[in-house]
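Labels A, B, C and D are assigned to the chains in the order they are written; within every chain, residues are numbered from 1.
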Amino acid sequence: MYTEQVMDHFTNPRNVGEIKDANGVGEVGNMKCGDIMRIYLKVNEDEVIEDIKFRTFGCAAAIATSSKITEMVKGKSISDALKVTNKQVAEELGGLPAPKMHCSNLAADALKKAIENYQANRAKQR
Amino acid sequence: MYTEQVMDHFTNPRNVGEIKDANGVGEVGNMKCGDIMRIYLKVNEDEVIEDIKFRTFGCAAAIATSSKITEMVKGKSISDALKVTNKQVAEELGGLPAPKMHCSNLAADALKKAIENYQANRAKQR
Amino acid sequence: MRKVYLDHAATTRLNEEVLKEMLPYLTEHFGNPSSIHSYGRKARAAIEEARERVATALGAAAEEIIFTSGATEANNLTIRGIARALREKGNHIITSAVEHHAVYDTCLALQKEGFDVTILPVDEYGMVSVNAVADAITDKTILVSIMLANNEVGTIMPIAEIGKLCRERGIPFHTDAVQAIGNIPVNVDNLNVDLLSLSAHKFYGPKGVGALYLRKGTRLSVYHHGGAQERKLRPGTENVAGIVGLGKAIELAVKDLEPKANRIRALRDKLQEGLLAIEHTKLNGHPEQRLPGNLNVSILYVEGESLILSLDLKGIACSSGSACTSGSLDPSHVLMAMGLDHQTAHGSLRFSLGVDNTEEDIDYVLKVMPDIVARLRSMSPVYQGGSK
Amino acid sequence: MRKVYLDHAATTRLNEEVLKEMLPYLTEHFGNPSSIHSYGRKARAAIEEARERVATALGAAAEEIIFTSGATEANNLTIRGIARALREKGNHIITSAVEHHAVYDTCLALQKEGFDVTILPVDEYGMVSVNAVADAITDKTILVSIMLANNEVGTIMPIAEIGKLCRERGIPFHTDAVQAIGNIPVNVDNLNVDLLSLSAHKFYGPKGVGALYLRKGTRLSVYHHGGAQERKLRPGTENVAGIVGLGKAIELAVKDLEPKANRIRALRDKLQEGLLAIEHTKLNGHPEQRLPGNLNVSILYVEGESLILSLDLKGIACSSGSACTSGSLDPSHVLMAMGLDHQTAHGSLRFSLGVDNTEEDIDYVLKVMPDIVARLRSMSPVYQGGSK
């Protein structure tokens, strides 16, 4: 059903947890469909993602895509990070089962929300 | 499917053939349903069935019931022979498969026709 | 790695004795039962013997048993067959909110086609009330279909009482007994049912074969067309080996039912106690009126598929009512009908025990479970206890 | 006693290699393919491999294959599924007078439900004419269903041409290919078909499993309701072992098809020559456009069931189109549609050869046949030569 990469990220997820002093937080999903992803960002002065963590309630695909995206964007600029799509995340994991492409492939959306939250916070600070 | 008795009468039918100087002949069935039975009688002065023969085009049940009835009524008076029913013939054979009860269980009808033919012949002679 | 199969409600391992009886019909006795030569007669005889066995197990007559490709087909045949046969008498059908999709979705389809369908609610334990059935019956009711035991939470319905009610009103009554056979006594007269569906693979028989019990005198329209097999009610060359397997499997399933069920229930109770000792867990289904092998628990703050896969990595097989395992976006309609909120439904796990399970199996599950739950909760954004 | 099986059109002996591939799915790999744990995934993978094999054999894509309980179900699913899906577009269905009952009777049932059904006649060889199809098509035609090869007389229909015609008119075209698989080449693109039915037990696979090929983009309404199996078009727990068997059987069936068919045809021709040497006999079916293993002859003045049982007593298995073997009062609708009179139809015998038949088998049949015919004719009131 799942690729080895998905199972790897599900069993050994990277960057699980919270960032206490995060400057960007984003959450997508809802309890109805059963997947909730929350992403915490620590973006530095140069607009580079210095640290990123996630918490996810959901199936293996949801956990793996969350884990994968944190790995993909850690150390990247937020403008590069914004270019990452859900589809790319799935591809990096060797693909997802068809029914999971829609419901559990939301990590890029969560990241986008976290970056927007960071930008909003920044704007307020100015 | 068929009882041993049916198979016995099918494989070793009693009284197959014609009676050249028959004084009663009866036929039932038609080509549409696929069974034709013809019974030849030789009835003596005392109205006893001295000889009986049959020819049948049909399935094993049709052949066996024809054979069985000739065995049952040979040597009997025609009034006794007329009492034999299709159901009795089937019973004497240990029963017939349900779908055969209707279409291939006609021997008593053929016998009845043969006796009627004998009676009509007699009436004409007088 | 230890392998522990706790998904007997999904399917069971074929019993070796059953396979042994099937094998000759997969090899030398390969005739088509409709053929009148010796090959055909051999196959025909085997089918009729299996029919006798199924009838005996259910307290029915052989001619009341129709073989099908499974319970899904038996359920569809029942609902469409009765709806069509009795269309002149009325257009009202009663069923419950916790039926298997083979009943539930077929009733919904008939609703779209203009039938009046009453879907009875269930209580928090998944139980249909006899009074609700009584209240729902009208002059136009042509069928009541309520399952004997639920496949997700194991709740056992008051079928005999509902059947009595239907009998009094002259309404055909169907029960989906798929989960009950081999786990609780099933007798068509005691249960007052007119139609009953079953599927062999749920009681250590082969997959792809089932049966419909159809009480003598109950009208049913033809649904499939084809050859004259199964009194034309279910045409198609018979799955001879499968039917032979069904016959043997049901014979074995009803044998020593009581001691088998007691043993399984004891193991189940032990598993239940151990799992409910984990905090933030909840039992789903009726505390007593429940199949002996069924244990459905919700593990709050985590999602079912993650749990299943984590257990699978430890060699343990079970299932969940989570949306992620159902192929749809919504969690189990059974759990939702019982009033569970989405989160509790998503976190549900169903363990279903069978005759081969041992005390060691249960000990093993109870040993690995706490860590799995803790790990997934530590990742969960909805688990407060998990925040560091 | 020598046993000679010449009823391969009724069913075939399960190939040993096929059984070998099935057995693990009747023992250790018993999971439900819908389960997401390892037991389920193992079963799922086996089904998907079988799907690939079926697709490869037919020149189709895997996702175009739907597993069913047999061809009867595939035919019903096709006709009801298309009729419902395209009801808005039209209500006209075209089929032939020599279809299997699973197609023929389903079309008649739809006729009763208000559909306009054209049943095309056949010529004396059982052949449907392409022109007749062309003439029958109207703006309201939503389905054409013509079998690839007839099961009684073996006549092979001009499916590619009919398919071309339907394609040009944008009408879904179905063929019942049950008798063709493993006997003649079957490729869905060469045949220009949109739907195609098959049944495993006709080509040395297990009974109770079949498939429907459904060309991508062809609309089909759901017919059964239940779980999400087979894209919801055919719900119900999959007959995993059966599906695995179907996959292997079709792989083997299409392998070395040409030499196998040539060998069988040579034996068939020998049998044909020998039987037609008996006086008052007649070949049924097309002299050339016919399945290599099919031989249908009428033995005048005698009835088919008596012939079959007499042959059976000698260890020879074959079949007949006689009413006495069909469960109805009328002889085969196929033979009648070909214009045979009742007597000729009642006296029909079908020998259908398979891969295991030998020259000795044929010699044996030809040796015992004359006496059997003579004996039955001597009993027949319609045989003049028989009067002494």
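What we mean here is this: a contact is a pair of C-beta atoms (placed from the backbone, for glycine too) under 8 Å apart; a residue touches a chain by one contact, two chains touch by 3 or more.
Note that the structure is predicted; figures quoted are calculated from it, not measured.
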Quiz item: Which chain has its C-alpha centroid at the greatest distance from the C-alpha centroid of chain A?
Solution: B
Quiz item: Distance from the CA centroid of chain A to that of chain D, rounded to the nearest Å?
Solution: 55
Practice problem: Averaged over CA atoms, how far is the centre of chain A from the centre of chain B? Could you give it in whole Å? | Solution: 90
Quiz item: Counting in whole Å, what is the centre-to-centre distance of chain C and chain D, each centre being its mean C-alpha position?
Solution: 34
Quiz prompt | Centroid spacing, where centroids are CA-atom means, of chain B and chain D in whole angstrom | solution = 40
Quiz prompt | For chain A, residues contacting two or more additional chains | solution = none
Quiz item: Which residues of chain C are in contact with two or more other chains?
Solution: 36, 305, 309, 325, 327
Quiz prompt | Chain-to-chain touches, reported pairwise for every pair that qualifies | solution = A-C, A-D, B-C, B-D, C-D
Self-check item: Residue ranges of chain B touching chain C (in the complex, touch as defined)
Solution: 1
Self-check item: chain B contact footprint on chain C (complex, rising order)
Solution: 36, 41, 44
Self-check item: Residues of chain D defined as touching chain C within the complex
Solution: 5, 7, 10-14, 19, 22, 26-27, 30-32, 34-40, 69-73, 75-76, 100-102, 105-106, 108-109, 199, 201, 206-209, 222, 224-228, 235-242, 305, 308-309, 311-312, 315-319, 325-328
Quiz item: In the complex of these two chains, what residues of chain B are touching chain D?
Solution: 2, 7, 10-11, 13, 16-18, 27, 31-38, 55-63, 99-100, 103-104
Quiz item: Quick one: in the complex, what on chain C touches chain A?
Solution: 301-306, 309, 313, 322-325, 327, 329-331, 341-343, 346, 378-383, 386-388
